[in-house]
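We call the chains A, B, C and D, going by the order they appear; numbering starts again at 1 in every chain.
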Amino acid sequence: MYGYALDKEDMEARLTRIEGQVRGLRRMVNEDKYCIDILTQLNAVSAALNAVGIGLLDDHVRHCVRDSIKRGEGDAKIEELVATVARFVGR
Amino acid sequence: MYGYALDKEDMEARLTRIEGQVRGLRRMVNEDKYCIDILTQLNAVSAALNAVGIGLLDDHVRHCVRDSIKRGEGDAKIEELVATVARFVGR
Amino acid sequence: MYGYALDKEDMEARLTRIEGQVRGLRRMVNEDKYCIDILTQLNAVSAALNAVGIGLLDDHVRHCVRDSIKRGEGDAKIEELVATVARFVGR
Amino acid sequence: MYGYALDKEDMEARLTRIEGQVRGLRRMVNEDKYCIDILTQLNAVSAALNAVGIGLLDDHVRHCVRDSIKRGEGDAKIEELVATVARFVGR
């Protein structure tokens, strides 16, 4: 494996960590921590979540999209993929 | 209150919900749900997290930054605020 | 054609329009227009640019990536694609 | 000056450069350059545009918002500022 690829175990481990980070954010809000410190931490959680998203995307293209294309049925999968990236990018 | 403002209780409630959503994401990965469905859900979590970020920012400007400016000491706070927004925007 | 697909002529027309919008932004700065109005316009330009990006991505997946996969050489193209999306998403 | 601050001349110079970069993008599309190369360049333009946006925001907070707060009339300006950042962040 390389680059942005994440195996299933890896993704679950990351999501478990993100869950803990969100709990940490709530605690920071509850304890009236300094806003900027909470925002810095929130930014880190957001980046971690995006990394999982990219991992999922990688997995999806590498298996699902590739297989459809090989069967000559790629069109719908490609359209769905691009629409998903578009939403991800905020369009 | 209006617009993007969130009180403390509201933020904690949202973060509790986000924590549950992240747990849901992990379950979806574990159960090999369709990638695009997981990504759609991940996008929703990301948006919910950003909304909390905007609420924190609103609170920060409305209190911390405003008070510093009123005391004639706004410079450092403004610089910190802009740097935080810049990181948020991914610069 | 559908959804996010843009043909070459369409992309060039959009980029011509974006070029004009950027020129408009410079004029707004030069004429000391209200910052928030300039930012609103800048946001629109940014969104227009992203839409072209999504169009390019669509075109790329639909032709270049698909063809490589069909020739059984998709790996490098997929890796490059995911890396590009990752940079686009700001990771 | 420091960090994210840009003076007016600086912003105009950057926007002139961005205008040229958009023209370059159009040429790349017209000459059928490799999609990924165009996307990489588009990403750079987008980042350059965001940097101008952050400069405008900095200027706005440092003058317009600060002055309103000093006059005891900050509320509307703060609300407008946060709404603008929220749109910038894609919320």
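We adopt the following convention: contacts are C-beta pairs under 8 Å (C-beta built on N, C-alpha and C of every residue); 3 or more make two chains touch, one makes a residue touch a chain.
Everything quoted here is computed from the prediction, not taken from an experiment.
Q: Work out the mean Cα position per chain and let me know which chain is farthest from chain D.
A: Farthest from chain D by mean C-alpha position: A.
Q: How many angstrom lie between the CA centroids of chain B and chain D, rounded to a whole number?
A: One centre to the other, that is 21 Å.
Q: Between chain C and chain D, what's the gap in Å when you average each chain's C-alpha atoms?
A: Result: the chain centres lie 16 Å from each other.
Q: Based only on mean CA positions, could you tell me how far chain A sits from chain D in angstrom?
A: Centre-to-centre distance between chain A and chain D: 26 Å.
Q: Would you pick out the residues of chain B that each touch at least 2 other chains?
A: 50, 53, 57, 81, 88, 90
Q: Chain contact graph: line, ring, star, complete or other?
A: ring
Q: Under the definition above, what is the set of chain C residues touching chain A in their complex?
A: Chain C residues touching chain A: 2-4, 47, 50-51, 53-54, 57-58, 61-62, 65-66, 69-70, 74, 78-79, 81-83, 85-86, 88-91.
Q: Which residues of chain C touch chain D once you look at their complex with the stated criterion?
A: Against chain D, the touching part of chain C is residues 8, 11-12, 15-16, 18-19, 22-23, 25-26, 29-30, 32, 35-36, 38-40, 42-43, 45-46, 49-50, 52-53, 56-57, 59-60, 64, 80-81, 84, 87-88.
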